[in-house]
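So the structure is just underneath, and the comments pick up after that.
A, B, C, D and E label the chains in the order they appear, each numbered from 1.
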Amino acid sequence: QSPGKTVVTFAASHFAEVGRGDRLKAWVETFNKANPDIEVKPVTIPFSSFATTIFTQMGGNGGPDIVRFDLPEFYAAVAAKSVLPIDDIVKDGEHNFTSADTYMKIDGKRYGFAFDTANYAMVYNAALLPGGTPPKTFEEFVNLAKAATKDGNYGYAYRATMAERGGFWYDLTNFVYGFGGRWSKPDGTPTFNSPEVVAGVAAYKTVYDAGMTPKGTDAATYRRMFWEGKVAMEIDNGGVATILTSQGKAHPISAAPSPFPHKEQGMILAPVTINANTKVKEAAGKFLRWSLQPQQQQELQTLLGAANVAITVERTPEELAAMPWLKVYDAQTPNSVPALPQGLETKAPEIQQVVVQQVLKVLQGGVAPQAAMDEAQRQITSRVLAQK
Amino acid sequence: MAIKLENVTKSFGALTVIDNVSLEVGDDEFLVLLGPSGCGKSTILRMIAGLETVSSGQIHLGGKRVDQLPPSGRDMAFVFQSYALYPHMTVRRNIAFPLIMRQFRWWFHIPVIGDLFKRRIENSPEVRGLVERTADMLALTKVLDRHPRTLSGGQRQRVALGRAMVRQPSAFLMDEPLSNLDAKLRTAMRAEITQLHQRVGGNFVYVTHDQIEAMTMGTRIALMRDGSLQQFGTPREIYEKPANTYVARFIGTPPMNLIEAEVEGMTVRVGTSVLPLPDGAERPVSGAASGTGRSRVWLGLRPGAFGIVPPGQGKSLAGTVTLVEHVGAESLISVKLSGIRTAHDDDGAPTDEVMVSVPGYSELRVGEAVGLDCHLKDFSLFDQDSGLRVGGRAAEDFTTNGRVGAIRTAS
Amino acid sequence: MAIKLENVTKSFGALTVIDNVSLEVGDDEFLVLLGPSGCGKSTILRMIAGLETVSSGQIHLGGKRVDQLPPSGRDMAFVFQSYALYPHMTVRRNIAFPLIMRQFRWWFHIPVIGDLFKRRIENSPEVRGLVERTADMLALTKVLDRHPRTLSGGQRQRVALGRAMVRQPSAFLMDEPLSNLDAKLRTAMRAEITQLHQRVGGNFVYVTHDQIEAMTMGTRIALMRDGSLQQFGTPREIYEKPANTYVARFIGTPPMNLIEAEVEGMTVRVGTSVLPLPDGAERPVSGAASGTGRSRVWLGLRPGAFGIVPPGQGKSLAGTVTLVEHVGAESLISVKLSGIRTAHDDDGAPTDEVMVSVPGYSELRVGEAVGLDCHLKDFSLFDQDSGLRVGGRAAEDFTTNGRVGAIRTAS
Amino acid sequence: MSRTANQPKARPEAVPRAAPLDHGRWVPAFFVAPVALYLLVFQGYPLIQEFLLSVTSTSLLDPTKHAFVGFENYRELLLDSEFHQVLRVTAIYTVVCVLASIGLGLLAALLLDGAFPGRGLARALVTIPWAAPPVAAALIFVWMFNAQYGLFSHLAQFLGLSSGGTNWLDEPSYALPAILITTIWQIFPFSSVVILAALQGVPSELREAAVIDGADRLSVFRAVVWPTIRPSVALLTLLITVWSLRRFDVIWLMTQGGPLGETNTLVIDLYRRAFVYLDLGRAAAVGIVGLVIAILVTFAYFWLSLRAEKASGKR
Amino acid sequence: MIKTHTARLIAVLALLGVAAFPLYWMFVTSLTPSEQLFSPSPRMLPTLSQIATYADAFTETSLRLWLVNSLIVAVGTTALSIGLAVLPAYALSRLDFRGKLLLGFALFMTQMLPEAMLVVPLYDIFTQLSLLNTLLGLILANTAFTVPVVTWILKGAIDGVPSEIEEAARIDGCSRLGIVLAVVLPLIAPTLAAAAVIAFFHGWNEYVFAQTFISDDTLRTASVGLASFVGELSTPVHTVMAVGIVYTLPAVVFYLFVQRYVVAGMTSGGVKG
């Protein structure tokens, strides 16, 4: 890097991914080529330690200049004023933002825009499903999964361990939303023990007890198993689905809406923000504006796979031909809800901990779903939310 | 209880460290194993104790063959050079330990209960009495409840003895038990062990490399070298009739002088002087055998067997003084003989000096020429080739008196 | 270069280990510091070397006060008991080290460059020559390029000497340099150090607790006890005219007997026998002062100063034999005197035994009654209270001959 | 007057002499200053910071903005049942680590102490786990504990202990044992090395004396071997305790303190509070509590070993 | 006799099995074809034809870079620890000064401080010193934890150096520093090696700081690299295991070479009671 160049660091967990990471770096490189006075340097922080690392760095008055957060961390960072408002950089009217953009503004100020969003839907190995067709209802789903569990294969896989608390939360949220539940009311009133939530938790438990999952296996492993053709179904986001297809050529995958009574599912919504500690806000802003241009957005969406970006970008026919299941994911967009307790976003990490803990008690400790969620509700109201 | 070793050999791998040693001592003897470092003294002792196996040969104790028994089956006590006291036990416990072990049952290993039982044995009247009598005998009563590390060297030594005595074993084995003490204490403890032997009896086997200890304590000395026995006899035999030049020079300070000489009939020729052999002296027979009637020998004379006279007087040997040292009541004078070889080593490497001791302060000076008279009252003759004793005479030829083994007059 | 200690005192915290010691030796003397373990010998030596500070008092070397100088400023060489060779350096390096240090610059610490310079000094003709001459003198030439751990005890000893000599210091300090060696080697090295002193001259200060070493090597002995000087004199003075009972019993093996006696005029009464004092004997004056004309003393007699006679004969003291030990050329006999106290310790705790040495093998038996003749040829008289020498006579009263300090006839 | 009345002491062992006092004041200062300064900057200052944090309410995202709350954090911790669980888990973890790794280490050391062919190689090989990086160790054990394909599951199935699919790392009753197995595998070689070294210090004469006195093997161990190695074992206990209290990577990578907090030790709890809940104040309080426990353990150790020394007459 | 011998031998073999098995298993797993990884019956032997996994591990991940970084950190930590520890170790062993006890206690204290506890304040310091995102920063942070141990161990060894050798050097005209560098250090070389190993391991293994202080890809160390596979999306198990083996092997081999010194160092050093 020659002197005089302004260096902007950009952290995103994607950079650590096999495949997508390299393509994303190449995408950043096109900006660098076009702007000789600025160099955007990708910072690779693995997904598992992304939040802790970034927060430590931000707390220590440092950190990357541009950060792609997951939604929970985004709210925490905004609450702590660790990221800058960027209303001066990104003007609402200039871009054709998707509907998810509403979550990017807090108290009327914009703190970022969606870098990527991804919907959740079911992916499945048709070859492993008896009959080859995806389930429509939850009962059907359980029966099919049970039937597919044989010869060392599993019908379904999801996360249910503390070690993967984050992923567990997303999987759980899908069940809860799928049964019509929400973590909280829009005004922030917690509803962790509402009947719908409890029904979702009960369903989670049903799956857990049905002996159709490779218990204790972590996501990396069961996804691997999935593309080795050992797992019939999973509910996962589009980004993952993209990776699975790119790896698992031998087992063409298909997608279908999640087999729940309600269409709502969680979504990945990852805002890109500017660190409040940055010394190069100008340059960072320039990069962000560059990335919002339709062409860059188009490229970004393509390389991210079954995900959407900040503005509405139509899928190209080639893409659809290569990955016919994209339609299923795209169709889910209107039903995607961020996997956070609305109004309680800043407390998300602790809330997740409490809820996951209680659900684990349901799964493993034999506690009734209702009792556990009552306890979660109690703890969250009395302990988490009682804090200043 | 007699101790008998029969053709005992010990090898460590290819290395033979004890080579076919046989010896036998009767009841109540005090056998000393003497020799330079590494000659195998400890190894013999450890084989008797059962701490090493024998490679071949047999060991008998009181007529019973023991060499296949484990140490605990041999009824011997061992006193180690470093005493090997149990550091975390009081003196009382140390002494009582062998007695407790004698009554040990496997379930004493069970933590609390076992400890209770052990304490009970320790406090039983017999054990207590025995320990206290032993302590009393060794003047340890006052320190019974102290730990070894708070004791002086001499006291530790006595605790080690106590631990050995309390078992009333049939043999006491001691491996250089005094070598950790300073000179003064060593002298005192020497006498104590001797007296212990006289009091309690039994066989003692005592390892040392200190000739003074060996001479003053042993009733029998086995002098070893490189794993083989050089001489086995009473201290007096060993001093006065050393079996070979090695023994001759090992025993006695300063060591015996070995002077090149030739025996011819009843005379011995040293350099140019011809001295008559005294009555009753044994003469070498080898010379006779060789037909010449002459035998080349080393004439062994203790440093006190010389008289210093003015040079050239009578039959004296000519020499010059090379060193004068005054040691208390006597002076030691090195004299370089002219034209006469002497041996400073058992292997006969030649020099030409002799060491002479004279009583009182000698006024001689280095470089002075002197004459040396040889007094052939007691002397030894050694074959120059084999180094074996071939003749000589003891100051008082005790073997003819039939008093072998009665040298220690203390009883 | 004379060494002078003036009222030197040394305390470690509250503990005073050297108490007001003064002594002075002239050029080329061989001073031996002698005393039991812990008496402070090493501490004095280390103060002279500068390894310890003095608490008070002064130390002079060749007229120059040195007690405030650092060790390297005092121009002394030190030979340690354990030799303290640098194990990671060859013999050559070990010997050259002091010379390299003499030319040391701080930047020699810089890794590679420093090593280069050090090597250059080491290879310079002067240093090389000096090292090789020293090695030659000590017969170390062949081992110059070996490491200390591959050397025998005697060779290591000589390397340590070499490292000291190469600096040509004005004083050699040695702290028990022989105590790690076995008896035989020790005797040989003793002679070597004596000869070294004669060859290179200079002051030697030598620490030992071995009286034989002290007597044979020293031209002056300073005998210490518990941090204070007991006697300072030539070996002969110390042997023949011990300043007090402590010295009397420290020097000589077996130690001098101290027998309760009373001096009255020209006689000394021991038990019931009255013996005449020989001509030329000093007598105590204290008795005279006390007005009674009698003084109660300890009569100090070496073990050889007795004759054993049948009981009841002449003026002999009556006693019974309690122990007979045969040590080479002489026998040691303990005799319990009837009704006469003796002191076995410098502090005069009483017993009633004396130790007698007679030449040859004694046929006496334990329990036999004997008479003891006292030969008052050389003896000492000590005050019973203070323990100080108050009279006596040396075998040959050398002090009157004006030959003090000329005892060592080797030159 | 007995001959022993004025017995000269056996020659004292060479006193390690402190260097004479001629070094000026600056010599020690010069020697010690760099490290003292270094530790002050990189350990002392952060420690003070931590203490200060522990009496504030501070977010990880804005550590400069404190709200002083006094000992509120500590009070809440002490009332928090979750924290009680943390203390319980930490205690179990530490105690089992100490007992098992020392027990196993002792066993290994005793096995490796005797003479047998290939002893040197065996001694070297047995210490391999100690050299393996904890991250790698955690990974392989996670795989071995895998519910479907892990060796432990296969083994349990083979032995008929489970019908398969046992979720070792995610089953509340198995997670801590699984973590313990991993930890002990890593650290027992260290104990065995230390104990082995201590065993070399058992004078063979003492063993032989006990054998001659008629002691059997176990008695020899209790009478001779154990007293000699006890100080080393005691120090080992201290070190393993302190290290167990602060062990992080293995646990974090394997369970992150779960399931249901069953492997949530003090350090894991500290880390989670700081980096997941972003609550630096509370996390610092947890850290200080841990530190106090470690210091108490240390003092207990010194007190106990002093007492033991007194009891055996060393002082 | 024979019976106890075989019994001991069997016990030793069992012990070695326990000690070595997990690493062996790691190796086997790395060489198991991925479709067989998820089969219900485990394969106990490596499939040697899979050896390409190792080549892939180098090409598909930044393993080479990670190892180099780890090596730099480990070597730097070792050098700095020893450089810093020698003088205070000597002072603790030989010199009398005020605050000696305090220093000793402070050194022990560091053994009680979890890295996780100090990482936040340290981050702050590092920001101010511009040490973030540098390997030097990692070296400095690691050294803070190794210097005390190394000091301890060296002190133990220096205690064992006969003071007479030093005194001899003083009489020969050596300065204090000269004594330490020219006389004491060569004498404790084996312990120095032991201490070096311990510092090296710490640097090689360290995880928390490396994860927090380094955000630049090219500066990532192997511990973080390997840990990043945990909970990741899609890296195959055998690649992870291969990386694990490659990461573990240097440490183990290095250790086997120096283990004699380590044991000796332990004995003479701080650990012996």
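The criterion applied here is as follows: contacts are C-beta pairs under 8 Å (C-beta built on N, C-alpha and C of every residue); 3 or more make two chains touch, one makes a residue touch a chain.
In this text the structure is predicted, and so the values were computed from the model without any measurement.
Chemist: Going only through chains that touch each other, what is the minimum step count from chain B to chain E?
Modeler: Minimal hop count between chain B and chain E: 2.
Chemist: Count the touching C-beta pairs: is A-E or D-E ahead?
Modeler: Result of the comparison of A-E and D-E: D-E.
Chemist: Chain A to chain B: how many Å between their CA centres?
Modeler: Roughly 92 Å, centre to centre.
Chemist: Let me have the rounded angstrom distance from the C-alpha centre of chain A over to the C-alpha centre of chain D, please.
Modeler: 40
Chemist: Counting only Cα atoms for the centres, state how far chain B is from chain D in Å.
Modeler: Between these chains, centre-to-centre, one finds 54 Å.
Chemist: What are the residue numbers in chain C that touch two or more other chains?
Modeler: 36-37, 50-51, 70
Chemist: Please output the residue numbers of chain E that touch at least 2 other chains, ranges allowed.
Modeler: Touching at least two other chains: 38-40, 120, 124, 162, 227, 229-230, 237.
Chemist: Could you check chain A for residues that touch two or more other chains and list them?
Modeler: Where chain A meets two or more other chains at a single residue, that happens at 52, 56, 59-61, 163, 218, 221.
Chemist: How about chain E: which of its residues touch chain A in the complex?
Modeler: 34-35, 38-40, 60, 119-120, 123-124, 126-127, 132, 211-212, 215-217, 220, 224, 227-237
Chemist: Quick check on the complex: what are the chain C residues that touch chain E?
Modeler: Contacts found on chain C: 46, 49-51, 70-72, 76-78, 80-82, 84-88, 97-98, 101-102, 104, 106, 108-109, 163, 167.
Chemist: Which residues of chain A touch chain E once you look at their complex with the stated criterion?
Modeler: 9, 11, 15-18, 41-49, 52-53, 56-57, 59-64, 152, 163-164, 167, 218-221, 223-225, 228, 230, 240, 243-244, 247
Chemist: Any idea which chain C residues touch chain B in the complex?
Modeler: Interface residues on chain C, with respect to chain B: 36-37, 182, 191, 209-212, 215-216, 235-236, 239, 251-253, 302, 304, 323-329, 359-366, 395-396, 407-411.
Chemist: Chain A touches which residues of chain D in the complex?
Modeler: 57, 59-64, 67, 142, 145-148, 165, 167-172, 254-261, 272, 275-278, 280
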